[in-house]
Structures are given as structure tokens and as C-alpha cells.
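Next come two complexes, and both contain subunit A; in the first it sits with subunit B, in the second with subunit C.
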Partner chain A sequence: MRSIRETPDRTSPPRVVCAAVILALGPIGPVACGPRVAPPIAAEHGDDTPPRHGGTVRLAEIGDARNLDPAGPVDGVSLPPVHLMFAGLVDFDDHAAIAPDLAESWAVTEEGRAYRFVLKPGVSMHDGQELTAEDVKRSVERALHPSAPNPTASMFEGLVGFDAFVEDRADHIEGVEVEGRYVIGFRLKEPDAAFLPLLAMTTLRPVCRNGGWRYSDDWLPCGAGPFKLPPGGWQRGTSLHLVRHEAYFRPGLPYLDGVEWTFNMQALAQRFRFEAGDLDLVRSLSQADQRRFSADPRWSPYGGTDADTNVYGESMNTRTPPFDNIEIRRAVASAINREHYRLLKPAYLTVLTQLVPADIPGYDPSVRGQHYDYDAALEHMRKAGYPYDPRTGHGGWPHSIDYPLYDQGLLVFTAQLLQQDLAKIGLHIELRLVSWQAFLALQARPYGAPISQGSWDMDYPDPSSFFDPLFTTRAIDPEGGHNIAFYSNPHLDDVVAEARRESHEDRRRALYARAAAIVCDEAPWAFAYSHHWYRLRQPYVRGDTPHPIWHVDVTTTWLDRAGRSLEQVLGEGLRR
Partner chain B sequence: MKVARRLGTALFVVCAVVSLAFAVEELLPGDPARMAAGVQARPADLAHVREQLGLDRPPLERYAIFWERLVHLAPQHSVPAPEHESCAVVLAFAHRELHVNLGKSFQRRQPVVDLLVARVPRTAALAVAGLSVQLLLGITFGTLAAVRRGSRIDRLLTGASVLGVSTPTFIVAFVFQLVFARELRWLPLDGYGVTWTDHARSLVLPALTLGIYGAAFYTRLVRDDMIALLESDWVRTARAKGLPAWRVVVVHALRNALALVATAVALDFGALMGGAVVTETVFRWPGLGELSLHATLDRDGPVVCGCLLVTSIAVVLANVVVDLSYPRIDPRARG
Partner chain C sequence: MPTARRRRLIRNSSARSGALIVGGLLAFAILGPALSPHGPNDSDFVHGVSLDLSPIGPCALFPLGADRLYRDVLARLSSGARLSLLIASAATLLSAVIGTIIGILSGWFEGAPVRIPWLAIAGAGGALAALSLGRPLAACMALGSGCVVAIARRKGGPLVDIDGALMRLVDVLLAFPFLLLLMAIGAALEHTTVITLLFTLGATGWLGIARLLRARTMQLRSLEYVVASRALGQSTAGILLKHVLPNVVGPLIVAATFLIAQMIVADSILSYLGVGLSPPAATWGRMLLEGQDEYLTAPRLVIAPAAAILLAVWGFNLLGEGLRDALDPRDA
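Entry: the complex of A and B
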């Protein structure tokens, strides 16, 4: 057995001395005390050791989980626990491809209008009941019923009978049919190639019978996932403790006894707890700490990045001058130096030149996209009728343009970069700091914000999750539509609709490549970057691979941690 | 009569504050339904959530509902009726119940009363502990500095109090976390814990953080007041009568200085009951400050109104108590 502390930290002064120095010098004390990145806590066995059962993995989040019911609003914090508690008919594998989960097989018929799933028999839910097709139907209707606070219900409007059900004209959704004890069928109004990814998300995942046919705020979440919520396991606003579902349908899994999240924990506190061995994996390190750990050879093998699943860019209101002029939009798309954006947070940002991020299935590297080209930007300004001479500073758009932004670290800096880049082509933007809510309200108004930062995170891993809500004509809606560029192009609408119906993978990819080319050329957005998280684990956390969709999926994670060092035990004892 | 008049004024102030909060919530740009549903919710789902939260009704109607349901009588039931599921029973009598209902949180979908009941005691504990540290240090150091006016101790304490007042709370919190939690490992870094011992240990650092800032303020306040009082006629007379020095300082000077301290304490206590937002957030202390911060950012109107109701009640009650206790502290106020 190896020692717990693989390499004792001999470079740092004793803790008491450091404490005294910090008290004397205040916040600059840590600097005087030297770089104090604690050493990793080594695994007990070598890399070839088979997985072991037991232990609880401890995680933390800066935010709070608001809801753990798949029929409610599932945000970024609650997504991993909801995924671990509720198994779906299908799921995503480590490459975001569709994989069977509760369904052992499925068939797509009627040219993509009908999906028929055969459930694995003998699947035990957390309450001990066996999962049947009736449970699936009940869970679907529970999630889509108007009484549920489900913000994604309308994504399933393609189901036959959805409208009648939502408008309370029918008690059940006609297009969800129980065809046998273990067979469930879904019928769609028209073919939808995105139906499987949509189904693989958490919204329609089966819930236990005590969840009933209708949503209730008081229900104790209960599903068929690898971990279950014990009574009192969720201390709202504070912590969440899930325990192993002993009767999970995948034999031998999960390895862990439990998973524990602590919420609302600041980044610095996460770092300190992680170093002390009180957290096993962190995803919210500050940029300074990320650099510190990445640069440390003891830690670098245990760090990595999550997938890019979002898009950030400059959204230009196509109804408002000067961005109603396509050449001006093209000029902006060419004038932005995306590499400068990336350098603001190099470990967290990836340059994005097209709409779909690289880690989303359907991303097409052959799409040329938007690129920085200063000469081209000047040429577009000339074609727009507003030539700009960079030597004299004459020309360009004669008015200043409002750019609303809210006080969020990165946005404040990207806005200044944008201001500088656009000034070089004769577009002068004026930054206007507003609250987050005011920012959203301005973006939603047809003439509210001429240009502002647009951002979008995938709802499900498919190009349709980006094109449909952001750039189609039907997504223009003053009551909260997401086409904040108010961009409308019937040709693009047709291509995107056709791609959504197309089940043949190559033809679908070609259609989305055409859509991407249109959007990049007409530039309702100047795409800029996507954001991902840096994650760091202790060496004794095994089997942890960043999941492209769920980010934290500990179904196959196991702990190989030996007894704790005297220092840690004493430290913990004192802390308690 | 005086007490009743003061309580009546207090009630008016509380109603005015909550009404103002309601109005501000209405006037601010942004859509609370969108904050509840998530910024990526589609318009159809958004409309649906808006309807569920009652936000599709006119503001005046919602304002009337707010007051109507805030305190009401309901028939006694073993299982609460759906319309009373977010109520707290304050009193039961003759098959009737007196309910308090602040509605449900848009974000957490929990009764606001439940949220407040869980968090008010934590914030009260932090406020009392923080204020105790402030008073203990502030009165001691202020008195010492005044008695030793012009000495090295006076200069040291005055300098330290300037530093304490001008250092942002989060810096103090950070230093305490580094020293006592990370380096020495004597106390928890943050959190609230599970047992009573956990709670007590977790309370130390946030209370000290609040205490340092306030102690600096009280040190200056007491010092300045005490210097004036120690030069007053009655203190000189007391000295001339040969009373012990400690008795002159504590009984004759400090007691008079406490009237000013009491006024400041009343205001401070009310403010702390509103939640020490920064301290609670940094130390993950699940009190009202952390709750109201998130509620404000999320446009969670019912929670914002609930927090303001508690805060305004705390402020006015603290002031009423201090007003009524002035005569005990300062005999001149009895007239």
C-alpha cells in the first residue's frame, strides 16, 4: 500500500506560520506564504485494478438545484442528479450518440412517424415496483400535462394528440400507446429525426407509480436510475445525498454507495475543500486556480475539460439599422477577432466560427463558417454604403449603436473587445450596463437591442436544438421567442424543416451544412466562442470520464481511496 | 397608549414597505415567469408557467390577493385543502384556524412561509452572535481608547478601527477562512452542519466576520461619546467625591454612552435580520440574506416580499424596543 500523500508538500512553511503571516498581512498573506497547491491524494492501487464497490463521491456546485422532478424545470445544476435518479428509454453514450437504456430495442416505422420501444423486462423502480409500458405512458402524460411546470413540454408538440391533451380536450395523449406490458409506441404528426435525442433527455423519463398521473410539488423523486433519493436526502439550498439503487437493472452498477452534492459553495471554498480531500471532483475552479493546478505536474494528469455544448456570439437585430443591412452584418462577422475573445479565458473558451459547437452530433467541420478578415470587413462596409478609412478614421456608420450588457465578468470584457474591433471598421458601439432581467427584456423586444450578446445552450444534442429556436421565422415571438436577431429567411426555414424530417444521416448532415452556410453568410449572429468547464479529480476517483451531455455521470465511477492520513483525520475531527 | 401608538406606526411602516416592494417588483423590467421557467423556455411553455404562477392576472388583482391571503381564517381540516397548502397555521380555535400565507416561491415551488420559518432562526442566530461580538469588542475598545486618550493604546485602537471599518467584509471573511479553516483547521470553512455542535462551530467565523466590521464602528462611536462624557460636569463631580475610577467610567460615563449605542444597535439588528448578504453567501450560511439575494436576482416576488416583511418587522420592533427602553438607560428620557 502506498502512502496517502504521494509527494509531501515540503516547499510550504508550516500551517501555523502561514496562519500567522496571513493574519498579519491580510489577503496578501497567501502570496507571501508561497504557492500552496496541496498535493493530490493518491489512489490505493495501480491503474489495472478492477473496480471496487463502496464509498460516496462528493461534489459541489456554485449554484443550487431548484427541482429534481423531470417534469419540472431541470437546470444545469439539477441535470446530473436527475439523470442519475431517472433512467430513460434511451440515453446518450460517451460520444453523445443514442444508446439503449430502459428499452432493449426500438423500431422506427411509417417513414419516421412511429416509434415502438420494447422495454427490458424486470426493471425495478426505486419503490420496488416493476417498470411497465403503462408507467411510461403515465410519466409522459404527467410531464406534458398543463398542471406540470414543465418548460420543455412544447418540444413534444409533434406527438399526435398533444394539442388536445394540453388544451384539456382529451384525458390522454393519443399518440402515446401501450401496446403490451413492455411495449410502448409513440406516433408523431410528421417525421422528426430529433425525436430520439429529445426522448433521451430527462423530461419524459419514467417515474414511480407514487408520482401519479399529475405533477405535485411535494412528491419525493423516484425513478429507475442507478441512484435514489432517500427521505431527507435533499436539504434544499444546502445539499443532496443520493444512495445506490440496489436493484438497478444494470448488474453490478453503480459501484458507489452514494453521491453527495453541496450547493451554493463558492469557487474558493471548493478549491480548499478539494485540496483537503473533502471534495473528490471539482468543476468550478476560478481561472487563477485552474492555471495553478494545470501548471502543476502533480495535478495535470487529473484535469480535463467538459464538452462544448453552447454557443456565444454577437446577435444583430436584423430589423434595426444598421443591422438590417446584410453587408453591415457581414462586416461585423469578419471584424471580430475571435482569438482575442478566447484569450480572455483560454482554458474555458473555444473559438466558434459556426452555429453548432464541435462536441454536438451534427457539427460539420467542412462548413467554412465566419472568420476574422479585416480587409473583408472593410470591403463589406464599403458595399453597405458606409466605407471607412482606417488611416483617417473617416467614414463608417454615422451614429453610435447601443450595446446592452449585464454585469457578468466575461461579457464585460468581450463587449470591450467588440467595441474595439468594430471601431476599426467605423461602427461605434456604446456599452450600456443593465440588469440581467432588463437585458433579457431588451433582447426580446423587436426594436430593443440593435446588437447584444446572444447565447444558447443545447436543449438536446442535435443541430435542430440550435437552428430551430434561434433562426427560424416561427421562433420570432415578442412573448419570449429566442430568435433575438428577428431573422427571417423562408429558404432557411425550408432547409431546417426538411433536415428535421430527414432520417437519412448523410442527407441530413448535408441539409444542416446548407443551413449553417446560410446563417454564417447572412450573419444574424457573429459567432464567437463556446464555453466549457475545467474539471479536476483526485487520483483515487476512477472511471470518471466527462460526459458530453450530463457532465457528471458517476454510474461507472468508483473510489480507490485508502484510509485517510492522520493529518486529514485530525483535521476532519477538528472540523466536526 | 404610547406603546399602542408606536405599534400602530410600526404596522403602517411594515405595510408601506411591503407595498413598495410589490410595486417595485411590478415596475422592474423582466419577466418573473421566464426566470422561473428558465431563460430557454419556449413562448408556449412560458405562457403556461406565467398562468400557473398567476402572473397573467393584473397587478392590482395580485396585490389584493396578496393582502387577502396574508392573514385569514380557514376551517380546520386534518389535511389542508389545496388552496391552503402554502399556509402556516398560527392559531387554532373553535374548528377554525388562523392562517398566514405568503404564497409559493416561483423558483423553489415551496411555501414562502416554510422558507422563512427555516431561515429566520439561522439569521437571528447570526445577527445576535455578530452583534454580541460587535458590542463586546466595540464597547471595551472604545472605552479603553477614551480612558487612555492620546496614548499608544488609543492610537492603536483608533487605527485598527479605521482599518476594520474600511476593510470589505468579504476580505475579512476570506482571511478568516484561510487562517482558521484552511491553515489551522480549527473551524469549518463554510456551511451550516447537521448537529447543534456543527451549527455552533459553523457560526463562529461568520459571526466574527460581522463582529470585526461592527466592532470597529462601535469602537469609534463609544470612544468619541465617552471622551465628551468623561469631560462632563457630573463625571468631574463624581471624581471629586472620590469614587473609584472604574465606577466613574462604567456607571457614570459608559451608562450614558449606551443610549447612543442602543440606537445604533436597533438599526444594526434590523439590518442584520434582513440578512448579511455577503457574509451569508461567502460562508454558505443558509439564512435570509442568501435567500433574499437569490430571490431578487431571480425575480421571485413572493420570496422578496416575504423577506422584506420579516426585515421590516425586525427593524420596527427593534426600534420600538429601544424607544421603550430609553428611560431605563437614560433617566433624562423619563420625562
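Entry: the complex of A and C
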């Protein structure tokens, strides 16, 4: 547009045709016909080599980290770095069981109403201060105070004094008590089977004293985890660089000097950079690349799939027309052909007809759930007062419905399938491309998005990790709660609360089965699929174990890669 | 068009090849739906799925195979041709209109500052502000009073160097990287539609045409018949419409033809970067984006839209070159 070419090209057309075709197809030809994937970069030593210190592991994400403060909204991208920066009283081990972290020991008394933790002495925070019980209390109150944009605060309302604290009637939470320099106690209103897993989440993890008693946007995140954030280490929207916390309380760990994330990197770019050795571990390969790497015997020992621990579905805003009509929501749940979703990534998607994914304890296969049934969907539309005749195309909801989406990953494809499925029952959705941040903001607003894709990964392996944040009334927060359907049902609230109080496993499961039946029937979400990630590492990345909760935990990871000479690095730079 | 020029155009191999490609593209855009039994946005989970559950390759029912959503690539390519040609042509038309007005005005008033009816302009500004506040009556009054006062004070208003002002505006806009500017506007729009897209492209693509026509107008301004018209008292508007405009149409057509090619590329880039039309619109750029992950297993998903963009751009460029050679007054 800038300039109009002035020099005529006198090349005769046939030659131009040939040249253009060769030029256009030239770069594709060798790629299509050449070797499928580059060979793995071998480790320098054998498998029996002891771990070595040093090096920086390089990772990439398709999305962007919005926040690194545990008291703020922690999403799938920011979860691994937040976990690496902040240690908790307890943590999840590699099998998602509760394990001690900052706490040396703990005791549960008063029939599950009181928890008493004894901290490890001499734990050094990133700022050099020693961690005490006072820091734990301050961090808990900082995270649960209404000034913090913490979407999970309501999950801790079982603490004695929580209500008075959030309503500003008390300066402190009565149920969080400092009982000694290294002893902290929690008192609950009633027993809560999920309290320890809740503590293992990142929300209440202790932060340095400079974090203060209240949340602040301009605070440099600082905790007691194995890695710390140096000044300037986080370039929002671009990258995050963490460095080793030299005084980490577990001797000898971590092995790495640092961890580096690059954000907003497309799957294709990740694949090329991984092959070139510029990324050490990837989790966002495309379906085609996943197939290619997993079929290659040179790579297969270094790849694997994670468990089904997440749920994806279409979240319908129950306060916004037409989804304030339960029959319309039921029609959507019946109109979605989930098998078509699965065809997008057959090896990595599992059809999901209920809220709890198959690999979570408490998953109940006897729950009938939501199923594709076109006739039933049309019947629900009729009951809703908007009958649709598929032969004539007449009827249905008379307005188009906005569906915000961001242009990454699978969503752009599932959205188009949803659009086709819903058009067949007379619901016309208009896809609206927005940025990732705008997408999250629209979802969080009470009247922001009538329908949008919802996704949730477990915080801890229990059905309450799904029901509580997604569908209970207390999880509704106009400032950014996780109940993006704004669904409220007192009966469900009661069932879920009773299940949390219940310690008998069979009775608990029966209660969650009842809860599952309610959400499947009232359909605030049309559940669609769960996705298991495929992770692939270079052979020189050692000690990397897929973590069921944090996904990427490099605390015990080490690198066994031969040092690259300056000539090699320069050569690679020139080749690129 | 004079016979000699028409003959030169027909004899010109670039023009012939370009016309052939562009004609073929137009035919493909128009007849595309007849070539495929599938709609461009309809998935076919019965015939579009191969045995290994991947999208089916080229076959009788899907001449170019199916894409990741099991839609007919040929039908989408044809739909993309319609969209691309529509957007590129309409945006070019808009650019041509803006560029012609600014170029001719700038060239004509070069070195000759004119008095502008600033009161009328101020009235129009006030009217716009009142309209935005929902006060149509106040808007009419502001506009009317501004115009009345301006007419009453005919000699009023400051002397303004129109050419200088317009060309500095062009310089400023040229200083912005074109694609960056397009992306910024695209990202700022809450919802991109065909209309917003073609307005975005059209409103940013006129700079080259304005500069070209300014230079041409400056040449024309000093020609004898134009000077004679002025001497005989013909109005400026009359001279511009009767003598200048017809003589800049040739370069304008050539520039616009090249511009269509650039608009096709710009539209494809915007779609590829995710700030173009929302899915499921079958733009060529989006087809490239959606097919790129499969570039090894199904390279046709990348080659098909890439070849379409290449052919379209190349065809319009060839046609533009042919037109330029045929309409070049130096060869007359």
C-alpha cells in the first residue's frame, strides 16, 4: 500500500508462472518430503548419573500469565510458576496425596474442626527473613480480605470468624491463631473433608513480610518456594524468568539455576523451537505434531500423556437471555454432539457427559449425565417457547447470541462445531474473536458473555474441587468468581455443603452423585470433553515427573546437556 | 479507451495473463458453489472422515479434501475468493475515492494557500458534538449558524496551505508501519465485520494514490488548455471535474489494480493474525492459520489457500502492469 511499483517486470508469463510456483511450493516441498521430526538431543551422561546443578530450563505457553500473586486469580498458565515461588504448609505429592511442605507436622482435633500445624524452623523466605506462624496468619488474612481479587476466597468460609472478617466487622480472622513462633492453628465452624487439600492449593501460601497485610498490584511476588522472581524477571505478555532460591529449605534443591517461560507462543512455533533445542519441555503440541512425535520410536520414551483431570464445556450464563430459561440450557446440552468434538483430537480428548472427569476419585460412571439427543433438544426448544422446525428453518430464538472466544488452541474449532450444532435447533451464535484477557473479563462479568467455553482443572483430586468453585452460590462474584454461569441453586448448595462435611466415603460419593445429577439436569454447563495433555521433553531433561496438580514442577528437575560452544550457538543463530 | 491503447492492451502479454487469472478467479468465486455439494461452513462427519479419523484427502466428493472440521476445502476456497475479492475491491474503491480527492486537491492548490470557511467547519464540528450528545436540534442550529455566518463573511477565514497540510498528513500516516496500523485498528474494533474490515483497509490504503495523483495534477495544472480554461473564467470545480479528473483516470486505474493485490495480502494477513473476520468466515488467511498445524500430514490445507493468495496477487499485478504499459501516454 505504501508505494506503487514503478518498474515494469518484463518477464514472460510462462517463466513467471514457473518461478512463482517453484517459489511458493519450494519451502513446503522439502518439509513435506524430508525427515518427519528432528532427532532428540541426547543427554551427555548415562541414566545412572547423579543429578547435577546448573542450567535454565526453558518452557513455553500458548497463553499468558495474568498474575503471580497467590492471593490473586491463578489460572492454568500462572499456576506452575506460582507453585514454584510459594511453598505451602502442605503440598500435593506426585500422586496428588497431601504431603508436608513448610509444616513439619500437623494434628486434627475436635472431630475435624481444628487443625494445628508445626512449622519447620529456620525456613528462609526469598527476602532472607525467617518464616514464622505470624507470617502464615498475615498471608492467610491478606489472601482472604475482600481487597484481594481472590476468586477462591469463598472456599475458606468455613473458618471461624471468616464472615466477620470479610464484612469488615473484625480486623483478623478469629479461627486463624498463632500459637507459638512456629505453631499455627485453624478452627473451622464444622468438619471439612476438603480443608487440607484447600490448604495445599496456592491461595493461602505464605508471602514475604513486604507483601503486607493487604493485597497490592505493585508487589514483587516473594515467597518461600524453590525459585524466586528477580526484579524485571516478569515481562508481562512476553516472558518470565525465575532464579534459584539459594536458601530453599530443602537441602540441595533445586538443581536448576533458573526457569524461563515464553508466553503467547503458538503450538507450531513451540514445536520448531523444541526441535532446535531452544525449548526443553513442551505441553502444547498440535494434534498432528503429537501424533508425529509419539509415533517416532526415538521420541516415544520421552513423551507421555497426563491424566484426565479437567473439564471443558459450554458455560451458559443463567442470568442472561436466552439461557435464563432452563429448557434452552437443556436443549443446548442435548444438541451438542460430543463425538464431533472428540474427532478434533481423537487421541487426546475424552467425551465427558458429567462434571467430574474420569480420573478424579469420586467420578461416578452410573450418573447418566448429558447426552446428544437431537429430538430431545428440539423438544426442549418447544418447551422453552421457541419451537424450531428443522425442515423449514423457521422458529428458534429470534436473536443472534454472542460467543466470545480467543484465537488459540482447540477453542476456535469447538466453537465452530457448537455453532453448527446449535443452528440445527434454532439458536444462532455469533463467534466473536477477542483477546485472552478480554475473554476472561467477559466471562467474569454477570452480563458479559451469554455463552462461552468454560474449562476447569482440578485443584485437588476430589469432586468438591469442581462443584464448589463452579456451581455453588458462594462462588458467584461479580468481580471475577469462577462460577461463570452465575448459577445458583440452594438445593445444590446444601448437597455440596453436606458432602464436604461428610467423612464417610460411601455417603460422600452418594451426595456428589446427587449433585452431579442436579447440574446435569439444570445444565448451567453443557459438559463436552476432558483433555489430557501430551508432554514431551528432550532426553537431557532429567528428573521430570508429570505432576497431577501443578503439571510442571521442576523442583527436582536437572539438565544433562553438553555445553554448547560459542561457534555452535552463533551457527544456530545464523541458520535461524 | 482509444483504439490504439486498446490494441496495445490486447497485445500485452502481462495484461492477457493477468486478465486470464483474474477472470478465472472471478469465475471461481461466482461458480464455486456449483462445483461442490457442500456449504463452506458445513462439516460432513459422514463422508469427510477417513478410516483413521483424520479429515479425508482429495476425492470425488471433496476435490481438495476436507479440513480439520471436516469441511470441503474447495467450497471454503471459493467462499474465500468471494470474500477476498469483495473486501479488496470495495476497500480499493474507497481508497481510490479518498486518494483521488486528496491528491487532486493537494496538487491543484500546491503553492497557493486558500482561505477556508473556518466558521462553517467550526459549526460542523459543533454539530457533530451535539449529535454525539443526542441533541439533533442543537446540531442543526450549530451547522446552520456556522454556514450562514461563513457565507455572510465571504472573505473571512485564515489562509491555509491545503497542499502542505494534506501532504504532512500523508507523511505522518506513511510513517506508521502499514500492517501495524491495520492490526491496531483491527484489534481496537470490538467486532470485525466485512464492513469494518473494508473501511479499515480503505481508510489506510489511499496514501500512494494521493501522492501519485498530486504529482499528475501538478503537471496538468500548467498545461495550456487548463491555463486557458482558467483564463476564460471557468470555476475551479469545473476545471477539476472536466479537465483534471479525466486525465488522471489512467494512472488511477493502474494504481488501483495494484492496490487490489495489496488489499488481498493485507486482508489475508489480518485474518492469519486473528484480527480479521471471525470464524467460520472462510478467508484465505484463516484457512492458512487453521491448516498450518497439519502442514506435514495434510499440506494441501496450507498449499490451497497459499496458492489462491499467490495467484490472486500475481494476477492483479500482471493486469496492473499490462494496463500501465497500455495506458502510458509516452507510448501514445
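Quick notes on this one:
The definition used in the following text is that the second predicted complex is superposed on the first by the 329 of 576 C-alpha atoms of A that agree within 3 Å, B and C clash if a C-alpha of one lies under 4 Å from a C-alpha of the other, contacts with A are read in each partner's own complex, and residues count from 1 in each chain.
Convention: contacts are C-beta pairs under 8 Å (C-beta built on N, C-alpha and C of every residue); 3 or more make two chains touch, one makes a residue touch a chain.
Note that this is a predicted model, so its numbers are computed, not measured.
By the document's definition of touching, both partners, subunit B and subunit C, reach A:435. In the superposed pair of complexes, A:346 makes contact with subunit C only, with no contact to subunit B. In the superposition on chain A, contact of A:292 is made with subunit C only, not with subunit B.
Once the two complexes are laid over each other on the shared chain, residue contacts for A:268 go to subunit B and to subunit C alike.
When both complexes are overlaid on chain A, the residue A:382 reaches neither subunit B nor subunit C. Counting residues of subunit A touched by each partner, subunit B versus subunit C, the larger count belongs to B. In the superposed pair of complexes, A:237 makes contact with subunit B only, with no contact to subunit C. Of the two partner chains placed by the overlay, only subunit B lies in contact with A:459; subunit C stays clear of it. Legend: residue contacts after superposition of the two complexes on their common chain; A:214 is shown touching neither subunit B nor subunit C. By the touch criterion defined above, A:415 lies against subunit C but remains apart from subunit B after alignment on the C-alpha atoms of chain A. Put simply, subunit A uses residues 16, 268, 435 to touch subunit B in one complex and subunit C in the other. In the complex of the two chains, the subunit A residues touching subunit C come out as 1-5, 8-9, 12-13, 16, 20, 24-25, 28, 31-32, 36, 267-268, 286-289, 291-292, 337, 340, 343-344, 346, 407, 412-413, 415-417, 419-420, 430-433, 435. Residues of subunit B touching subunit A in their complex: 28-31, 34-49, 52, 104, 107-110, 167, 171, 174-175, 177-192, 197-198, 201, 281-282, 284, 286, 290-291, 294, 297, 299. Those residues of subunit A that touch subunit B in the complex are listed here as 15-16, 18-19, 22-23, 26-27, 29-30, 64, 66-67, 72-73, 75, 146-147, 149-155, 157, 217, 236-238, 262, 264-266, 268-269, 272-273, 276, 435-438, 440-442, 456-457, 459, 469, 477, 479-482, 570-571, 574-576. Residues 13-14, 16-17, 41-43, 45, 49, 53, 68-70, 174, 178, 187, 191-192, 204-205, 207-209, 212, 254-255, 258-259, 262-263, 266, 274-275, 278-280, 289-290, 292-299, 302-303, 306-307, 310, 314, 317-318, 321, 324-325 of subunit C touch subunit A in their complex.
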